[in-house]
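Chain IDs A, B and C follow the sequence of writing; residue 1 opens each chain.
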Amino acid sequence: MQSYTVYLTRNIPDRRDFVNITDEVADAVRDSGICEGLCLVNAMHITASVFVNDDEPGLHADYKRWLEKLAPHDPSPQAYQHNRTGEDNDGRSPHAADHGARGGGCGHRRQARLRPLGALFYGELDGRRPKRVLVKVIGE
Amino acid sequence: MQSYTVYLTRNIPDRRDFVNITDEVADAVRDSGICEGLCLVNAMHITASVFVNDDEPGLHADYKRWLEKLAPHDPSPQAYQHNRTGEDNDGRSPHAADHGARGGGCGHRRQARLRPLGALFYGELDGRRPKRVLVKVIGE
Amino acid sequence: MQSYTVYLTRNIPDRRDFVNITDEVADAVRDSGICEGLCLVNAMHITASVFVNDDEPGLHADYKRWLEKLAPHDPSPQAYQHNRTGEDNDGRSPHAADHGARGGGCGHRRQARLRPLGALFYGELDGRRPKRVLVKVIGE
């Protein structure tokens, strides 16, 4: 069994945004030399997420609006008890948190498996500071 | 390390439905010959999901109603900007998307680990066309 | 490839509660002797979950309130068809279900990777009976 790990770092200027990281993850899989296995892509912060979807701006706008409706931002301690700690991120982001463990592969085979899924995104939910994404490839 | 991959294909006549795929996944684990490892079951489309729950019709009816309340279907471009692309699936399904990475095993041991979890389902959220589910077993 | 499996058991006196299981999972990783790989932590019940977040009581109170708003508890068969089976857990919990597959490691390296993520929790959604969490470490 082989293993290969890299970290991607993102410093998103907005509080919330979605950034396409497909190419960097594909590079990691290629650099790993692993032909058959799994690639785990995981945000290293509780106020961030990783998800798969189309790279379409309207969809991302829908996401932001839908998340705001589902868990409205409100820094007051009345809205979220978690804000009494001095944090103002509402503890909201884990609701949207996800991580991607996908089947890997080699060369064209790997790409064929990603294609119908769309693109891989880093979802920032409390930005304005550097944050990391773990990319770990395991297999042979 | 050994690896074994199969794809299940489903063409669901309705837009939304939930289909029990437990037996086919169990067959894949058995056919893999792998006794100890992980089985990744992952929908290869952003408008589909995989989840674990009881095989109980009332529960599935509750799911459909709850999802409709959480993210109502509305093909108009006013409701979801994503619909301006000509798609009418609202970009809703990823909200419910999940994937199952479960500990595998051999023979009775494997079954014992699945049993308390209920059954494994393919959750269709934009059907009426053939779609695929990746089943990948990794281990020894 | 090596594999190491343990089960944690919890009998939570309340219907819903969140319990920090970070130390027990870290113990399992250490006991496995595996330096590089994955650790799968998975609730063995459909009315339970595993998630990563801060160990902060206000946040947990927010969770409980937010989940109640998202999928209110109501044991009547009018509220949820699933309740007609005689169960009163509403089929709610899967909405919050998650599982954690994290990159493992050895000694200080492993801890360094968990630290920015906060703590690992067992999320009970239908307690008052013994339930199990699978902890499976795979790697080398």
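Simple rule for what comes next: a residue touches a chain if its C-beta (ideal position, glycine included) is under 8 Å from a C-beta of that chain, and two chains touch if they have at least 3 such contacts.
Note that the structure is predicted; figures quoted are calculated from it, not measured.
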| task | Determine how many degrees of rotation, between 0 and 180 and to the nearest 5, align the Cα atoms of chain A with the equivalent atoms in chain B. | result | 120
| In terms of residue numbering, is the interface formed by chain A and chain C classified as same (over half shared) or different (under half shared)? | different
| task | For chain A and chain C, let me know how many angstrom lie between their CA-based centres, rounded off. | result | 20
| message | Give me the residue numbers in chain B that touch at least two other chains, ranges are fine. | response | 1, 38, 70, 101
| remark: Residue set of chain C touching chain A in the complex reads 1, 36-38, 51-54, 56-59, 61-63, 66, 70, 98, 101-103, 113, 116-118, 139-140
| remark: Touching chain A in the complex, chain B uses residues 1, 3, 5, 38, 40, 42, 44-46, 70-71, 80-85, 90-91, 94-95, 97, 99, 101, 132, 134, 136, 138
